[in-house]
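Here the chain labels run A, B, C, D and E in written order, and each chain numbers its own residues starting at 1.
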Amino acid sequence: MTQVLLYALTGAVLFMLGVRAALLRDTVLPRLLALNVSGAGVFLIFVSLAYRGDSLPTDPVPHALVLTGLVVAVSATALALALNRRLREMDNE
Amino acid sequence: MMSQSLTMLPDLVLAAMLIGLAWAALSSDDLRRGVVLFIAFGLLLAIVWARLHAPDLALAEAAIGAGLSGALLLVALRDEAGGKETAGRVSQVSRWMVDLFALIMACLIGWVLWLTMYAEPAERLAQLANSMLEHSGVSNPVTAVLLNYRAYDTLLELVVVLTAVLGVLVVGRERRGYRQAGPVFCGLVHWLVPLLIVTAGYLLWVGAHAPGGAFQAGATLAAAGIVLRLAGNDAAGLLDGMLLRWSLVAGIGLFLLVGLGVTINGGLFLQYPEAWSGSLILVIESAATASIAAALVLAYRGGRPDGWLSVADYDNNREVSR
Amino acid sequence: MIDLLALILVFSGIAFFFFGAIGLLRLPDLHSRLHALTKADNLGLGLVIVGVALLHGSPLAALKLLLIWLLVLLGSAASAHLISQYALRRRRQ
Amino acid sequence: MMTMSVWLPVGILLSSFIPGVLIFFQPEERHRLRTLLNLLGALVKLLLVGVLIWGVFHEQVFETRWFLAPGLEFVLHADALSVLFVSLSTLLWLVTTIYAIGYLEQTPHRSRFFGFFSLCVTATVGLALAGNLFTFVVFYELLTLATYPLIAHKGSPEALRGARIYLRYTLFGGLLLMIGAVWLHTLTGGVEFVQGGVLDQFAELDRDLLRWIFLLLILGLGVKAALVPLHGWLPQAMVAPAPVSALLHAVAVVKAGAFGIVRVIYDVYGVEFAAELGVLSLLGAVAAITIIYGSVKALSQDHLKKRLAYSTVSQVSYIVLGAAILGPLATIGGLVHLVHQGVMKITLFFAAGNYAEALGIHRVSEMDGVGRRMPGTSLAFSIGALGMIGIPPVAGFISKWYLGLGAVEAGAAVWVLPVLIASSLLNAAYFLPILYRAWFKSPATPWPADKTAGCARELPDPLLWPPVTTAALALLIGLFAAAPYSPLEWAELIAGREYRQ
Amino acid sequence: MNNLLIWPVALPLLTALLALLWPRRSNWIGVAGTGLPLLAVLLVSWQVAASGPLELALGGWAPGLGIALRADGLSVLMLLMSALVTMAVAVYASVYFAHAERRGEFWVLWLLLITALHALFLSGDLFNLYVTLELLGLTAVVLACLGGSRESLQAALRYLVLGLLGSLTFLIGVALIYAGYGTLDMAALGDAIVAGPTAWVALSLMTGGLLIKSALFPLHFWLPPAHANAPAPVSAVLSALVVKAALYLILRLWLELFDGVVTQAAAVIVGVLGAIAVVWGSWAALQAERLKLMAAYSTVAQLGYLFMFMPLLAALPEGAGRELALGALVLLALTHGFAKSAFFLAAGIIMQRAGHDRIAELGGTARSLPVTAFTIALAGVALIGLPPSGSFLAKWQMLSTLFVTGQWVWLPVIAVGTLLAGAYIFRLLGHAFAPGEGVGPSLSVGREEIPAVLLALIATLLLGFWASAVWELVPISAYAGGGA
């Protein structure tokens, strides 16, 4: 199971890398990148939880959860980008 | 021992590349570079999903995570031009504090993961989910979870998508489109768009028993729309006016109506009759695909199209028509 | 025997990818980079796909793989075109 | 009968609450309907209180309970002490309403005023009928809320300032009271007001803790009772319109504080138990200091309402003093003063309001010869003032007499009698000069603002009769102190029940 | 047979879709779509009060594999608050937005917000909670930027980004829970979770995420600009309901799922932060120059009170004492919900009539808008915690619990907070009752004034006199470990 653990730990590292960057950057786009990386970290943890070796069938529940999470993340990113764009427009007006 | 570390090698490389790419994307001062690195990160992640036997996710990640997010971020770079960046300086002390905090949290999370995963593969819901598969109406376990066991999550997730798109519509007008593409590109598009639509249809249909499903199909369909917009079709293949509204509503509406409909003869909410579940799921997924695609394309267009009328517009139209 | 052929095909495909990547890194300007990348990758992917189709053996799978290749071909052609057009326009301005 | 015993306390509250709420929604110009509502409410309340008096005298139980939360009950309960306060406030509310209708004629925001006025009386009556400490705290805070808009009524910067100061003091006091009440509540599991007190049953409780809680409660109540040094708001609050001042000083706010102190000593701690704890002597000392301090301050005020305000500071502490001396006679003195002071002080404020209204007189120095110009008002003022000094046969004498007797009975004559005598002398020193000016000096200058020139009588009826009535009442309850149902009789009844004789 | 539980979620969702399809009818679709779930919620409450917790296994799958909706006392109380507040605000909004250009979108989002709130209060599955949290966050963000001003957009964007950080942090906690216990069903988790590293780390992550969303000091900074710059009906629900949703989840986690895992030290940390929030928020409210900003800071302070209950709750063993404190907490949260929404609606009326909400220039308001001034006064009474409001009872019980547990240290905070609240409310009332030009000619009672005053009356009278229902409902728990 060490591979799975490796990925799970990578997920934890990615999550905290993202959180760290989200806290340190103060412009919107880098923050969104950071949050997306964080999300990827969480998803990686979920997916490594699902993996049970090559012989056993995987656990489909975390996969579904990640799929849901992925779509939610894209939606939120799209909204944030739209807000950001409108603010930029106002800056330029 | 040797052999084990050999089989570990690709995983180690993948993990290291993931972290390296993430780090590079996040620490880059050049936004464009950061975004491109992030897309690469997403694609690498898709490989990791495949490696971890999650082909549905690999597809979704490539299409949605890296693909559409990437497209959204790239097109957002256009907006950044001309805007004033006010990058405040973070003091050294708080930088250290944040680093320390992140390190501690990462260690704690890692520790818990170590504790819970070092043992043999845990059962969790895997067995249960797979054993109920025959009652779910589909043979792809991920689709079974998404549209049957945890269909309610998916319903709400579609609502999340709708909300985000409404937000995009409310906030401002859409971006300027692109100039009409030249003959070469138009020729390519002529081939590419139908192919993408066919692919989306295939993904939707195949989702019942193999990797694929509404989200992957919707994203692929949205990709077709984006290609159209790049070629100069400002509407990106979307319908206008009322039909646009209907296409946004279709997925959730049908989902909800099916969910409520099955309660009429005594079932619980979303409890499909077993004989019907396969077809019901396909119907729901088809509608959802259309809605997801419409939503994603609208998000890419970045705002309210001119054809999206306000209540006042409708009232005025009525006056004009009289 | 077929397996061997398939393997050779796959590995030569990978080699194309490899050279494409080197080209991306080493060539001087955008257009030549694109040139190296698309040519090498499309051909590389084609070789890999033929190899995989041979390994798989069923005609249906081969058809599917062919379609994938077609899709990628079109996709990369479109994106390469867009990138070069963009670069061209930028240079003109 | 069962239902009546439940509904009577509620009815007494509603008889002013419902008119109050209705009045809020009346347009400004519908003064007839408003007057009708006001008077109807006051009369109904008077009627209901009459029934209550009769019932309580015959030892009937009037009680309403409403479960609010685990351990918290809203209890209205009529015992002899509540009846004393209820009847005082009901009677004086009627009189003050009539006075206020006359006083505020043609001024803006009357609907708002009378709305809050009615709520204020509702809160006061609620205080009187509160059957446990929790309910008492509820009405104590409600009283604050209802009186704030009355003090701020004029909306002038001074009025707002006075109201703000009032609020600062009372919110703080309310908070202390609440903390003390919750603490006691937590220790005992609920504090019902029971004649003779309840705390002596909790032998296991730490005595020091009970002393601290007593301090908290008295501090909280002392703010409204204007005990020195918590009296600062009272002179500031005199910016309110005269009927409000009358109500504040005679019935509502200061009385609520004094009544609360009486409740805490007699019906929560039990006067014997409180004496055992040793907290009464401290309270007595504070009361004595307040009595003297208020009188001394009153001496130096030229502003008539301020002089009356400091007089209130001093006089209300007689009640506290009575409660702080162990023994039935002192109790009777304190309790009866609750009524007597109210009747006399309301007379004085009515009169002061009349002086200001008719002639624009605000200061003592402007009062030369006013007696001949406004004989009715001045006569009433004089009776009130003489009563305050303690000259028989006006009611104030009775209170002081019983306080003195009580002090002798309790063996506290050494310090109480000098305080009483000194205070009476001081009272004389600040009231007699006013009477002298009013009756024996001739008006030297024209009045500051004569609004009654050309009228046949000194004032319109609604302004003239309230002070005359209350003055007569002060005289009557002094003269016929021994009659049945007189305040003195009633105070003796209470004292009898408190000391379980 | 318990399909009843889906209606509070399905009805607003269905009507949201209708409003999207028929924008010109959106005004009344919106009001009807708010009223229908209220009926459903009343039915659910009646059922729960009569026969205990309800459960709906969605899709007929056993909870664990499937998702269960559950209604117990706590969720019913929150549902009632959200259904009643949204009903009143919807009536108000139908006037407020009567001629707004984007009212079609407003009503859709409004109904989606109700969907999200109800889904959250009913959800019995941790991951589903994450989805509802995100949905709630996104609807709230979009509604908050309907004002369209630069400040409101900026505040909304900040709110969004922080909300995302919060929900991701929550989600990684959920991942650890799934790793450790192999299920997401909250009832099963209530039995399974035992003290240990997994539970501790997961709980702190989830709590951390929720604390961002519920704006506990020092994570509060996003709240005042976001709440103060949104349109009044939106501010009302943001302050009254949306922040409460995160608080509700914290209660669920701390008292039911992770009962026995929470250490006193952790509870004290949260309590201290709450105490700082009380003092700081009240002080900032006192300094605020604008009415809505004052209300927003007051929300920070009021949330602080709710968090100050945590150390009290943690110190009490399960049983009557803890239920007493929990009931007080819920009562305080409910009272604040009603009072603060009334307050924001009244502020909106003043702002529409006067064109500004600068406190110092409100003289004459009481004359020209008596009902609105009355609403503010009533709501103010509840915010200070004076009788006969529900918050008075709640504070009484809070003080009582303080004495029972011997945690004296919080006493000065409550005292200072109450006095400061009194100061900022009466400062406002002083200005409103002062003479001045007012906000124009004297106006008759507007249709938008009635819902505001009704909300204030619920906070001050209904919750004061019928508070015992709260203590009757709170012990009805659907989760092992909580309740009796």
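Some observations on this one:
Basically, a residue touches a chain if its C-beta (ideal position, glycine included) is under 8 Å from a C-beta of that chain, and two chains touch if they have at least 3 such contacts.
Owing to the predicted nature of the structure, the values given are computational and were not obtained by experimental measurement.
Between chain C and chain E, the least number of touch steps comes to 2.
For the pair chain A and chain D, chains touching both partners: E. Across B-E and D-E, the chain pair carrying more C-beta contacts is B-E. Taking the mean of each chain's C-alpha atoms, the chain whose centre lies closest to the overall C-alpha mean is E. Note: the chain lying farthest from chain C is D, by mean C-alpha position.
The greatest centre-to-centre distance from chain A, using averaged C-alpha positions, is reached by D.
Here the spacing of chain B and chain D, counted between their Cα centres, is 73 Å.
One finds 29 Å separating the Cα centroids of chain A and chain C. Computed from the mean C-alpha positions, the centre of chain A lies at a distance of 12 Å from the centre of chain B.
The distance from the centre of chain B to the centre of chain C, with each centre set as the mean of the Cα atoms, comes to 26 Å. Of all residues in chain A, those that touch two or more other chains are 8, 15, 18-19, 32, 45, 49, 61, 65, 68, 72, 75-76, 79, 83-84, 86.
The multi-chain contact residues of chain D, meaning those touching 2 or more other chains, do not exist; every residue touches at most one other chain.
Multi-chain contact residues, meaning those touching two or more other chains, do not occur anywhere in chain C. Checking each pair of chains for touch leaves A-B, A-E, B-C, B-E, D-E. In the complex of the two chains, the chain A residues touching chain B come out as 1-21, 23-27, 29-30, 32-34, 36-37, 40, 43-45, 47-54, 56-61, 63-68, 70-79, 81-86, 88-89, 91-92. The touching residues of chain C, counted against chain B in their complex, run 67, 70-71, 74-75, 77-78, 81-82, 85.
In the complex of the two chains, the chain E residues touching chain D come out as 320, 323-324, 327-328, 331, 367, 370, 374, 381, 384, 386-388, 392-393, 395-397, 399-400, 403-404, 411, 415, 418-419, 422, 426, 430, 433-435, 464-465, 467-468, 470-471.
Residues of chain B that touch chain A in their complex: 4, 7-8, 11-12, 15, 18-19, 22-23, 25-27, 31, 34-35, 38, 41-42, 45, 48-49, 52-54, 56-57, 60-61, 64-65, 68-69, 72-73, 76-77, 79-80, 82-88, 90, 95, 98-99, 101-103, 105-106, 109-110, 113-114, 117-122, 124-126, 129-130, 141-142, 144-146, 149-150, 153-154, 157, 160-161, 163-165, 167-168, 171-172, 175, 215, 292, 295-296, 299, 302-303.
Contact residues of chain B toward chain E in the complex are 105, 108-109, 111-113, 115-117, 122-125, 128-129, 132, 148-153, 156-157, 159-160, 162-164, 166-167, 169-171, 242, 245-246, 248-249, 252-253, 256, 259-260, 263, 267-272, 309-312, 314-315.
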